[in-house]
């Protein structure tokens, strides 16, 4: 199962080539990830953009858990022009380990705009870190239960050359 | 052979966790890449940070060639705190194709600071695109000759899970 | 009359102090301004966030008019924490000249959250520039008619020290 | 007396108009301000860009003093194109109060490039805040002595319309 997170561009996501910059794309993924996984007060009563079922991490300042990025991979498939309707960021979990998970994404043109364009594929490895000790901490049962419905095959990258490792 | 490109952090590269944000890391790589590959007027007489030997792409507005990012992969190995001395971004070419090249990076703590810390490993696939036609164009002989000395083994990623593709 | 433009924060708007950075505030104003004044295809059929009545400038790449910022002034009245509900950016026109206008703003906490907090007051002087000639061009009748209903007293700054000029 | 702080652009400071964005200009000012006022370990032995005499605020994470921005004003006098040589940000103190100071700036084209261009004038009101209490704290004698040589007339803005206040 996938989450569909609508993410609006900002004009400042464009670079001097007048399309969304490669680093800005990571900001969009970050925003989708935060909306999907972080529980906030507003999420309870106000934020209908995203089903709150996966949003079980406390994302507030001073939270007990930090979400640290260990790895990212992005394939940029089409240039993203400025547009006002929110992009359709589809998000699922490609792997769930002891203290880490791999979030997978497909970044699509806005829902309802035809023809649909797949702008990017990406994956982010997140490690849950205990804020007090600075060490990885295990995914707990509540988190695992909340996230398991969104577990699916990892995104299939098509432009990856063989690594030496 | 590697290019050593000194890249200064900005305080705004930090996020609310008070370390360099994952997307900001791509800005640092972008900046290193531009200093390494783009020829500018200033590079001729003023910019001693980087040997100009690889800087053979015209990076000025209206240039005939655009450099489009097709793929990026980053491993974040250690959190990067704010620091004033420039990071030591080491950069080389992992593959050179017909119209594309893979730029590889290791992002190190500032030169002269001990112990040296490897903050990140990364690779970027760049496609040279003809600005007029919007189509990929071949790496020319001058570019190939300028870049060949920096051709080396692709960076070895250590956190990559097997892809389905 | 004021326009109310809902503007969502991004987590990356926070700096290492874990509140919205002073420069990020200008990004929020920019986004509000663009939604208010730029006509796009999507605005016609999809963007209900903002009444389209003021959105009469062509904001697409290659548009005949550039909107250049000549001056900005911001008073930061309260720190802005991360929150998911969109901020309520209230926007009006404080002055309309021959080729320029002053956009005024009050940045408020999200609609419906009590007590309401006024985070910032700001003003931006925009000059309309003809893209071909690079020279200022006059506000035309259609623009003037569209914007006049939103003309009101300029924002009253309270922290301004006397300038020598 | 003015401090001359060399600030390098990043390509990502450009927006889709291919010049330095109005919000990015505040990032450049922020960076100049930090280099001028924040004491870091590196400043002691490595950072020769800026005379360390004003850099008496502890800018490290967990520092006892936060520097909060209360107000900013910028006049954008000329568009800033991408260039590699660092801009010459000239910085002085226009006013020193009990717990606050006004930093003034002129942003110039790189030293040695003729003709010199004045890109922007700006002023930032900074309040020193005690991190523990969250309340303003007085400028201490050491700070006042360090900053007094750089006290001069506030920047003279030329585009300011009369405020109602």
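Letters A, B, C and D mark the chains as written, and numbering starts fresh at 1 in each.
The rule is simple: a residue touches a chain if its C-beta (ideal position, glycine included) is under 8 Å from a C-beta of that chain, and two chains touch if they have at least 3 such contacts.
By chain, UniProt protein names: A, B, C, D = Acyl-CoA thioesterase.
Quantities reported herein were computed from a predicted structural model and do not represent experimental measurements.
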Most remote chain, CA-based centroid, reference being subunit D: A
Interface residue identity across copies subunit B, subunit C - same or different by half: same
Approximate Å spacing (C-alpha centroids) for the pair subunit A, subunit C: 29
Rounded Å distance between subunit B and subunit C, as computed from the means of their C-alpha atoms: 35
Averaged-CA centre spacing for the pair subunit D and subunit C, given as whole angstrom: 24
Touching two or more other chains - residues of subunit D: 11-12, 16, 18, 23, 27, 30, 61, 82
Residue ranges of subunit C in contact with subunit A within the complex: 8, 10-12, 18, 27, 30-31, 34-35, 40, 42-43, 46-47, 59-61, 81-85, 110, 112
Residues of subunit D that touch subunit A when the two form their complex: 11-12, 14-16, 18, 21, 23, 82
Partner subunit D, residues of subunit C touching it in the complex: 16-17, 22-24, 26-27, 30, 61, 66, 68-76, 79, 95, 102, 125, 153-154, 156-161, 163-165
